[in-house]
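Next come two complexes, and both contain chain A; in the first it sits with chain B, in the second with chain C.
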Partner chain A sequence: MAHTPAIPLQARNMWRYLPRGGWLLVAPLMVLVLGLFLGPLTNIMVISVTDPKPGLGNYAALFQSDALGGILWTTLRVCVLTTAISVTLGYCIAHAMIHALARERNWMLSLLLVSFWISVLVRTFSWLMLLGRNGLVNNGLEAIGLITQPIEFMRNELGVLIGMVHYMVPYAVLPLLASMQTIDARVLAASRNLGASPAQTFWRVYLPLTRPGLVAAALLVFILSLGFYVTPAILGGGKVLMVAEYISVQILVTLRWGTAAMLAVLMLGGVLGLLFVMSRFMKLSTVFGGTKP
Partner chain B sequence: MQDKQFMRETLIEGAKAYKAGRMQRRTFIALLGMAGFGAATLSPRAADAAADRIVLWNWGGQSEECHGNAIGKPFTAATGIPLAFDTSGPLQGKIKEMVDSGNVTADVCDGDLFDAVALGQTGHLEAIDYDVVDRAKTLPGYALDFGVSVILYGYAFVYDTKAYGDNPPNSWADFFDTAKFPGKRSLYKWANGSLEAALMADGVAKDALYPLDLPRALAKIKSIKDDSIYWGSGSEAHSMVVNGEVSMGMVWQNRGRNIEQDTDGRYKLVMNEALAMPGAYIVPRGNPGGREAVMKFIAAAQSVPAQLELFDCLGMTPSNPEAFAQLPTDGQPYAITSAENINRVAYNDPHWWGNNTDEAVNGFLDAIS
Partner chain C sequence: MMQKSGLGQKINRVWAIFLLVFLVAPALVALPVSLTPKRFLSMPTDTLSLRHFEKLFTSPEWISSFVQSATIALTSAAFATILGTLCAIGLWRISSRAGEVVRAFLLLPLVIPPIISAMAFYRLFVPLGLIDSYLGLMLAHTVLAAPLVLITVSASLAGFDPRLEQASRNLGASSMTTLLRVILPSIRPGVLAGAVFAFIASWDEIVVTLFLSKFNVYTLPRRMWNGIRENTDPTVAAAAVVLIGITIIAFLIWALVQRRARTQNS
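Let's turn to the complex of A and B:
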C-alpha cells in the first residue's frame, strides 16, 4: 500500500523555492486576517476581563449564577441532540445517494441543495404553519379524529430540535457523501467474499472507513448549532434560551457587555478545546479533506 | 441586513469613483440600477454627500411612511431640512456602540424614555433643549433631561371571544387566572410590561407598582409558565394571536385594532389596566445634523396635527395633552390618552427601568427558560 509517487526532479527544485515566494503571496491575506479578525477577537477577550471592572468577575459569575449554568446546559443539550439526529439522518441519506443511479443521485443532490439555500426565517415560519397548534398537521389529525387536543410540536424544545435538525441535515450529508465516495467498493466485496455477513461488513468495514466523514459532519453540525439564534428564539416560544440569543440580549438590551464577551470567549474556547480533543484521537487534516493518513 | 449594508457600501464607493472620474457615468447608473437605487436612497448611509438633513433611527415597517408624512413633511416645509431614515432599530446597545465608536450616523432615535435615563447618565446622549422643545406638550414626568416622550404605546391584552364570550376577562388578574379562564397565554419576552401585568394581577395597585417587587412578579410569571409562550417582536405577538396559538395574548396596544380587524372581531382588545409606555425621542451625543436642527425636529413631532396623524397611521397615542380631546371618536377605545382610557391605565416609570433593566430582563429570562 505504501506507494509514494515519484516527484520529477524539476518539480523538486521548484518546491525548494516555493515557501519564500508562497509566504509573500499570502502575506496580504494574512495581514487582513490578523487585522480584521484577530484584532476584534482580542478586543472581545479584553472586554471579558475589564467590563464592568477589571478582574475575573465575569468568569466567576459562571459558578455563582444558576441562570448562566442553565443556559449553557440548554445550549449543550440542544446542540448534542441536534448533532446526533442530523448526522444519523445525514448518514442514511448519503448512503442512499451513493448507492443510487447517477441520474437519481443528481436529483437527490439538487433537492438537498435547494433546501440548503432556503433562508432560515422562511424555514422557521414554514414549520410553524405546518406543525403549529392550528397548523396543517394538527388540523388534519383533528379532522380525521385521531386527536382531540392539538399536539405541542412547536414553541418548545421539540420545536427547536425539529427546526435545527432540518437546517443541519444538508451540512451533515455533504461531508459524509465526500467521505463515502472515496471508499473502494471492492473492499466491501472482499469482506463479503471472506465470509462476513452484510451487517458485519457494514459495522466492521464500511462504518470505520467513513469515520473521518462522520467526525467532520458531527463537528460541522455541532459548531454551527452552537451559534443558532433565530430558530430557537422563534420555535422555542421564548422558553428555550440558547447562548447566542442570551449574548445578543446582554449586548443590546441589558448592556452587560462583559458577560456577553465572557460567554463568547467561552464558546470559542469550547470549540477550540473540542478540536484539540478530537486531534488526540485522529488526524484532523483527514477530517477536513487534507492529506491522507 | 448584511447584503443591504454591502449594497450601501458598494454604492458609496461607486459614487466616490464616479465623482473622482474613475468610473463612467453609464457604469455608475448601471450600478445604481443593480443595487436597487430606490431602496438605497432611502437609507441614510448611502446619501452621505447630502449635508443638511435629520436622520430618524426607528423600527422600519410602516413607520417610515407614517413618520415621514406626519412629522417629516411639515418639518421639511418649515425648515427646508429633509428627513431620512435608518430603520435598523435603536436598541440601547446599538446607540451606545454608535456613540462609543465615534461614527454617529443618526440624529434622533425613536426609543423608550427609560433609554434616556440609562444612556443619559452614562454620557451617551445630548440634553434636550427645553427652549425649543415644550415640556407642557407631554404628560407630567415624561419630559426628562435627555429625552422627551412624543408618543405613548402600551401593553394591553386581547382575548378570544369564542372561548370566553359569555364572561369576558377584564383585568390582568383574569389574564393570569388559568383556572377560571383556561387556555394559552402569550407575554413579552424582554420583561417590560409583563412584570407590571404580573404585579397588578397579584393585587398591587396600578399607581403603586414602582419600585417593582421583582421576586413577587417573577413568582406570578412562573405560576402560568406552563400555559405561556413569549414573543420578541410586535409581528410575532400579532401572529401568535391571529394564528390561534393563544386564547389571551399580551400585545402592544397600537396593534389591537389591527388584530380585531384581522380576526373579524373574534379577538378583542382590553384596555383596562394597560401599561402606558412613554415612547421618546433621544439624541445620540455628537449627532451629525447638529443640536439645533434636531431639537426643532423634536418640537415638530410635538405638534397636535403630527400627533393625530401618527395615531391615525400607526395607532401610537398622542402624548401632547392638547391632542387628547381631538382624538377621532372611532379611535378612542384604542387610545391610551382618550377620555375613556386615560384614568384606567397604569404608567411606566422610566427611572426604575433606566436603572434596573439588566436585573429585570435577566431575572425574567431565567424565570421563563
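Let's turn to the complex of A and C:
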C-alpha cells in the first residue's frame, strides 16, 4: 500500500462535516456531461426540426429524396452483413476460448485484446496496403497464379465489409464469452449421457443457452456499425456512402445542418432503441466491462 | 469442463486460432512498408531502410503531433480518471434507483456514435471559440473517456466490502481519510485500468478531432488520417508501427495490473 500524504487538519475537519452522501462526488462529472454533451445533443435534436425552417421538412425529405433512401439502405445492408459475419466468427472464437486450457485461453485473450486495442487508423491503413490493386493480397494471388486480373477489393462494399468485420469481431466475442461462462457444464454432460451426439448437444442445448449472449453481441456490433465512420470512409473511397460519412459531408462541406441533424436523430433513435432491447437480454455493464475472462 | 472434446471442437479450435491471427496479423503489414527504401508506399524488395523512421522522428510536423496528442491524452485521461473515480464512488455509495438512472446517462457518451458527439461538440464550441483549441479537445475527450473510468472503477468497487468503509469511519477517520486511505488503495487496479483506457480513448480519437481541430491543433490521429487519405507517404507506415508498439506496451501494463490485482485477491 502506498504512503498517502497527510491531509491538512482544516481540510480534514471540513470533510468530516460534509454530508456523507455520494451525490457530491457524482456532481462534477454530471455537470460536465450535462453541459458539454447532453445539452448540445438536445440542441441537435432541435436543429433537426428548425433548420432551415421550422417543421418536419427534413424528415419529409427522407421519402422524397432517392439519395437519402439509398444511403440509409446501404448503411442498413452493410451493418446487417457486418453483424452477421462478425457474430458468427466471434462465436467460433468465444467457443474455442471457453473450451481451451487456461494457459491457451490467456494467449487467445491476449491476441483478442491486442487487436481490440490497435488503433482503427492503423488497421484501416493496413487494409489499404493489403487490398489495393497492387496490394499484397492481389500480388500474392497473382504470383501463385490464382488470378490474372487484380480483384477490386476497395472502393466497394467488399472492402468496407472486410475492414468493418475485422474491427467488430472482438466486440462480438466479449459478450459471447460472458454468456458462455455462465453455462453449467453439467447440462452438457447430461445431454451427452442421455445419448445425444456432440453435434446434437451443441445445436439443441448449447446454442439455445447462449442466445442472450448472441443477441447482445449482435446488437452491440450493429449499434457500433451504424455510426462507424473511419473504415467506410477510407476503404469505401467515396463509393460506399454510409450515414456517418454523409452527415460529416453535410456539416463540413454543404453546410446543411438540418439534414445532418435529422440523420443524427434517426441514428440516435436506432441506437437508443437497440440499447433498450439489449438491456432486456443482458446487464449492459457485463457487455461494456466484460474484458475479464 | 466437458468430458471429451468432439471432432467439431478440435476443428473449431484450429479455426479460432486462425481467426485470432487474422485479427492481429494485418496490422503487421505496416512494418515492412515502413522499412521500404522508396519514397512512395511500397513493399521493400531487396534493401531495407530506416529513412521513414528518421523522417518521423525529425520532422517538426510529426513531432509536434506526437507532443500534442500526448498532452491532450494525458490531460484528458487525468481529468477523466479523477471525475470518473469520484463519480463511481459516489454512485456506489448512493446505490439507489436514481443513481442507476444517472449512471445510464453518464455512460451515454460511450454508446452514442462519435459522429453525433462530434456534431454536438462542434455546435457548442463554435460560439464559445473553442474550435481548434487544446481546451476544446481536452474537454471533449474528457467527456468521452470518463465513462470508461466509471465502468472499470465500478467493477472494482463491486468487490469492495462496504463494511471496511464503516469500520474506518467508526474508528474515527473522516470521509476524506477513508476515501484516500481505505477505498482508493483497494480499488487501485480499477482506477489504473480506467486511466489506461481513458488515455487510449483520447490518444486514438479521430472522428471528434476531425470536427474540432483545424490548423492549430493537429493530433497524431489527425495527421495519420490525412496521410492515409493522400496515400503516398511511407512516414504514415512508420507512425503506424510506433502506434502498434505503444499499444502493445499499454496492453502489457494493463495485463500486469490485472495480474497483480488477481494475485492480491487470491
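Throughout what follows, the second predicted complex is superposed on the first by the 234 of 293 C-alpha atoms of A that agree within 3 Å, B and C clash if a C-alpha of one lies under 4 Å from a C-alpha of the other, contacts with A are read in each partner's own complex, and residues count from 1 in each chain.
Quick note on the criterion: a contact is a pair of C-beta atoms (placed from the backbone, for glycine too) under 8 Å apart; a residue touches a chain by one contact, two chains touch by 3 or more.
What you are looking at is a predicted structure, and each value in this text was computed from that prediction instead of being measured.
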Partner chain(s) touched by A:F276 [first = chain B, second = chain C, both, neither]: neither
Partner chain(s) touched by A:R155 [first = chain B, second = chain C, both, neither]: first
Which superposed partner A:T74 touches (first chain B, second chain C, both, neither): first
Dominant toucher of chain A (residue count), chain B or chain C: C
Touched partner set for A:R133, first chain B, second chain C, both or neither: first
Which of chain B and chain C A:D66 touches, first, second, both or neither: first
Which of chain B and chain C A:I234 touches, first, second, both or neither: both
Partner chain in contact with A:W203 - chain B first, chain C second, else both or neither: neither
First, second, both or neither for A:I251, with chain B first and chain C second: both
Set of chain A residues, in rising order, touched by both chain B and chain C: 128, 234, 251-252
Touch list for chain A against partner chain C, complex: 1-2, 4, 7, 11-13, 15-16, 18, 20-30, 32-33, 36-41, 43-44, 47, 89, 92-93, 95-97, 99-100, 108, 110-115, 117-130, 136, 166, 169-170, 185, 188-189, 192, 198-199, 202, 223, 226-230, 234, 244, 247-248, 251-252, 260-261, 264, 267-268, 271, 275, 284-285, 288-289, 292
Complex interface listing, chain B residues touching chain A: 91-94, 96, 118, 184, 189-190, 225, 229-232, 236, 243-245, 357-358, 361-362, 365-366, 368-369
Interfacial residue positions of chain C with respect to chain A in the complex: 1-3, 5-9, 12-13, 15-17, 19-24, 26-30, 33, 41, 43, 83-84, 86-87, 89-94, 99, 102, 105-124, 139-140, 142-143, 146, 150-152, 154-155, 174-177, 180-181, 184-185, 200, 204, 206-207, 210-211, 221, 224-225, 228-229, 231, 236-237, 240, 243-244, 247-248, 250-251, 255, 258
Of chain A, residues touching chain B in the complex: 66-67, 70-71, 74, 128, 132-134, 155, 233-234, 237-241, 246, 249, 251-257
